[in-house]
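Look at the two complexes coming up: subunit A is in both, with subunit B in one and subunit C in the other.
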Partner chain A sequence: MPKIVRRLATMAAVVLVGGLLSATLVRLAPGFDVDEQQLDARLSSESVATLRRARAHDRNIAGFYLHYLGRALRGDLGESRTLNRPVRKLLAERLPVTARLAGFGLLVGWLCAVLLALGATMTRRVACDLAATVLGGIFLSLPAAVLALLFVFANAPAYLVIALVVFPKVFSYTRNLLAKSYNLPHLLTAYAKGVGRLQVLIWHVLPVAGAQLLAVAGISVSIALGAAIPVEALCGIAGIGQLAWQAALGRDLPLLVNLTVLVTVITLAANWGSEFAGQSFRTSEA
Partner chain B sequence: MKRRPLALVVFLLLSLSAALGQSGGELRFYLHSDPKTFDPLLVADDASETIRYLTGGVLVRVNRRTQQAEPELAASWKIARDGRSITFDLRERVYYSDGTPFSAADVAATVQRLMDPALHSPTADSFRSGAGAVRTHVDSPARITIAFPAPVAGLDKLFDQVAIVSSRSANKQRAALGPFYVADYKPDSYVLLKRNPNYWRRDAAGRQLPYLDSVRLGIQPNRDIEMMNFRRGDIDLINWLDSEYFDRLAKQSPSLVHDAGPGLDSEQMWFNQVPNAPIPAYKRAWFRSTNFRRAVSAAVNRADLSRVVYGGHAQPAVGPISSANKFWFNAKLHAPAYDPSGALRLLQQDGFRLQGASLRDREGHAVEFSIITNAGNKPRERMATMIQQDLAKVGITVHVVTLDFASLIERITESYNYEGALLGMVNMDLDPNAQMNLWLSSAENHQWNPRQKLPETAWEAEIDRLMKEQAASLEPARRKTCFDRVQEIAVEQQPFIYLVNKNALSAVAATVANASPVVLRPQTYWNIETLSVGVQTAGKR
Partner chain C sequence: MRYLRKSAWLFLVLVALASLGAGFWAPADYATQFREAPNSPPSHQHLLGTDEVGRDRFSRVLYGTRVSLLMAPAAALLSTLLATLVGGVAGYLGGWWERAAMAATDLFLSMPWLFLLLAVRAMLPLNIAPITSVAVTFLLLGLLGWAASARVLCAGARGLRDSDFVLQARASGLRGLRLLAIHVMPNLKPVLLAQFWISIPVFIISEANLGILGLGVEEPLPSWGSLLRELESFTSFGFEAWKLVPLGLLILVVSSFQIILSRDEVYA
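And then the complex of A and B:
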């Protein structure tokens, strides 16, 4: 079986299992069966019973999942029970918002991390390295939600929060990788022979570190998506992160299953994409 | 000297303009979620309710200031002696925003659809007084009679919630009889309402209302962002403010905040009295004891809750009806006094005794229980902590448990796996009939012990009888007597330990003319027709 087919089959299996796990967890979560509207004192017992019946419809998780898959194959992703809107429409409206947020965040986070890591390793000054490490450590220890709140009050763009979440992880990995690369024996020899720093970086360091850095790129997509949930919820940004938060609070089964499937697909695609890019990089280097 | 008369004329014109409101402008404020529906008959959430209020034309409107029913699309109405029917004489030459004429046929179609049992409209449930169909009889294009299978108490005021939908318009969403119609909706972003060009109402000077050109309802779930954008002038009002935000804003701009006094909503706690609830039998026995509930009630310092948790923007609650409800509040009742010694005396009557700092029941069990409340509601979490401290003074140990709302609802409505709960009650309606499903022992929302086949206590049976009697009576005085007694029983028995009535706090920008916040929803824009936004500010935005 060609490798690509095996990959796609694995991806489909992971997505199916991920979706089923998500559905099962939501079904087992306390409060799955209830609706906030039940507390409306104006509602008669018959209306409350109807609300209950509407929720009971999705109680059989196997039945729900098979039905969901059948509809999904026809392009129907169901209807959100908290927002009363088709899930497909909700995702189409909100995915670009999150893509922009996470995209800008990743770009800024990576740029800062790589530039600082390069600065810290190339200058080989302890103060510079220490300052960069402390900065990275601070952002690593601050939860995304706290950063998001600070940014709300400062009226700063929310993608910077994603950047600050991604930055310390990418920075520490890149710095270690570059430090290791710079300590390779042939580079020490090159330095001894008077080869310029930029030349060493372009011809000897980046080719070695590049493939491994590309592997981190895939992981950083998952980090950015994870951070998007608190960031969007707190900053009032209508992306899929906020949607996930609302769906979790409302035990919105159709929405949560679709979001899980979507995030699984994006994460897998990003990881395999970076792996493929890394392999191509190594091949071209060889 | 010559300039003085001119200045006087300009001054007078400006004053008149301010008094009457300026035409034009866009009012901006936030909804905290997307409206779940634009169908006015299916409204159940706050955002949809706002759209309904601003766009829906109703036959009768409850004046939010006087709390009296006033003619709207119905020029007059008459309730039959037996209370089973109501006849409306409609205004003539009234048109929907899309130009289609309004007639009795629209009222009939709306009522028939509203009362369809398959629709499960919360609004319709208020009209259901007995089994059987609701009939409409169109006497003429301007006259309709609606007949109910059984008498409906407070019938005319119920029509405040019924927006009359066009039976003929092709695009029903754009056909509105209210001051505005929905012109645009971008999910997760905004709802744009534009002035209804055919709105029937005129001001005292004969000018067509509303003054505003449009209302932009941004969708913003985050209260911090709402507050920040209000300060920046990006929005013109905040309809409901938390006391903490209120005080913060009051310090900076005292003229922008409004405390209209105690509102209709209440905060209360109760104990689980469900017979098959998964709690120890001895605890259930405590919770079922009137003396125990009264003792807990007396041991809670409501004045401190109002002062500390709400910064003084709340009043100690008396019972199920707030003093804001002018007609139905039983003025003879007073909030239970804070009296820890009295609480201990009541507990002693039931065999409880203090052993050191710990209260023990007759069998020697230490008196401790948990109170569940919803996580993330800061005032409620603080109240629970203060109740914990108050009850510690009479030897009772309280554990505060915060849960997300879905889990909490599941516990209080399905599994009954809780001991005490602290929640609030939102009162949309002035009439006690709106609380029917709370007080009847057979009801779903009879929180402390719901769905009883037969009332388990004499006082619950008495409440059942009184609630049914008031609902069947057409005499306001008789109804009031019955419901006064219900309030007395609620205070005597303390099934709900009412804590505070929060004040109606709001903020309105200085550029909004004619705003006059009240305690009833929608507090700040109840008189939307006469609100206007300063032109100079609108230009800046």
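And then the complex of A and C:
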């Protein structure tokens, strides 16, 4: 129990510092005080002055951040400047879209990676291993944005881009891990005693490799979220990746800070969740 | 595997030489427009055709390769230096320093790399001179890409700090920077080199992502990212295959790095 409390406290600290850092970076960014609306020739000098006054309270970074935290505790995440909508509503609308996209992508990517890694390791055929390695290598060399563009062109589902981004990393790790597990001396004994391949996999390989594979699951969530930005921006999917893209281009401070905090929380939760799952897996095996 | 690695090295050297000599064998400058021939297919005059504003694609690929292939190692050098400073020194010093450095590393690693890059890049002015945009893009890659390497270097330095020979050196009266320079750093060299080489393809791909999203190197200066933006107007694989040359080159170069790096996996 104290471990969970410590983890939650660390997560809260990381989120607070991460939010403060992102707010500081946005505040220090050149042109922060300039609003595109101020360039509108139709606006009177009074209107421009009103716009400047409206942004003035954001100048003090500590003040802005404390004000933001206070409101966030009451459930008010502020309003997006570029989209003129409450940030909470935007996140509530777009988070499920990204969750679905990343979820499907992760599922397909993991399935392909684990099955191919198992095939390459169990068959022990050089051709099979080489083909899988070359395939993984090609996708590892392709930027997510290029894949997204090609998938838009081919009219293919966007979640497959996420799958292809996740696949090579999981495949390479899984294959190495399985190869190591299959080389353990007790497996030789099991084979000598006539234990079948499937039984060896279920009883001897997966318990060894499973915990470490679960640890990669957390990292793959971070990879999928990162890939969601170009995928959603280029495929026109209204998720948080596209929102981050719009917020970054429009220098939308409230939205950017909230997104930073949200993405950090999701990534940390995924990492620690997979770590706990791995530990539980090891404990149950022991 | 040895021959494959040698071929990868040879390919990278050839590509680097070709891009460095772009001024000699490129038929035109990267910004020169042939207004009478926009979007033209390959010909004797334009080996890879021209882009939508009539610039020679072959020349742009050569100059773009120069930008990406020279600046990515520079960014990798910067990130490895930062990682050494944060991770290596913290691992060597241990205690509070190590905890603080690892907390900072965790903070950086808790945000997806592209998200962090995109957010910080967008906070800088978007309309800047092309040459400044090259510096800004790769400087950001270098400044933000140190965290993963720092973690590895910290673990390496921690292992060395507790090793017998460092203990013996300490017992002999060797301390501080001298101990770090004479015993710790030389033994960290393989890890440092591995991290440096690993960062290069990561930065090349990140620049390509940023370029496609319009946050990389500014026009008219080409880079692989800005060259790949052309794929947005791509209409057919069969009829416009020459437009895929920058993409093919990117895949081959990054794959070559991966083949070379496969030897260094043990340090990564």
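Just so it is clear, the second predicted complex is superposed on the first by the 283 of 286 C-alpha atoms of A that agree within 3 Å, B and C clash if a C-alpha of one lies under 4 Å from a C-alpha of the other, contacts with A are read in each partner's own complex, and residues count from 1 in each chain.
FYI, a contact is a pair of C-beta atoms (placed from the backbone, for glycine too) under 8 Å apart; a residue touches a chain by one contact, two chains touch by 3 or more.
If you're wondering where the values come from, they're calculated on a predicted model, not measured in any experiment.
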> After superposition on the shared chain, which partner residues are touched by A:F153: those of subunit B (first), subunit C (second), both, or neither?
Replying inline: both
> Which partner does A:A92 contact after superposing on A: first (subunit B), second (subunit C), both, neither?
Replying inline: neither
>> In the overlaid three-chain picture, which partner chain does A:L115 touch, first (subunit B) or second (subunit C), both, or neither?
In response: neither
>> Which partner chains sit in contact with A:G226 here, subunit B, subunit C, both or neither? Use first/second/both/neither.
In response: second
>> Under the stated touch criterion, which partner chain does A:A62 make contact with: subunit B (first), subunit C (second), both, or neither?
In response: neither
> In the superposed arrangement, does A:V17 touch subunit B (first), subunit C (second), both or neither?
Replying inline: second
>> Per the contact definition in the header, classify A:R251: touching subunit B only (first), subunit C only (second), both, or neither.
In response: both
>> Let me test your reading of the model: by the given contact rule, A:A144 touches which partner, first (subunit B), second (subunit C), both or neither?
In response: second
>> Quick check on the superposed pair: does A:C235 touch subunit B, subunit C, both, or neither? Answer first, second, both or neither.
In response: first
> Which subunit A residues lie in the overlap of the subunit B contact set and the subunit C contact set?
Replying inline: 29-31, 149, 153, 234, 249, 251
> Along subunit C, where are the residues that touch subunit A in the complex?
Replying inline: 103, 106-107, 110-115, 118-126, 201, 205-206, 208-209, 212-213, 215, 228, 231-232, 234, 247, 250-251, 254-255, 258-259
> How about subunit A: which of its residues touch subunit B in the complex?
Replying inline: 29-48, 50-51, 83-85, 89-90, 93-94, 149, 152-153, 155, 234-236, 238, 242, 249-251
> Which residues of subunit B touch subunit A in the complex?
Replying inline: 34, 36-37, 44, 117, 120, 122-123, 125-126, 128, 187-189, 219-222, 224-225, 228, 404-411, 413-414, 425, 428-429, 434-438, 442-445, 451
>> Please output the residues of subunit A touching subunit C within their complex, sorted ascending.
In response: 14, 17-18, 21-22, 25-26, 28-31, 137-138, 140-146, 149-150, 153, 222-223, 225-227, 229-230, 233-234, 244-245, 248-249, 251, 256, 260, 263-264, 267-268, 271
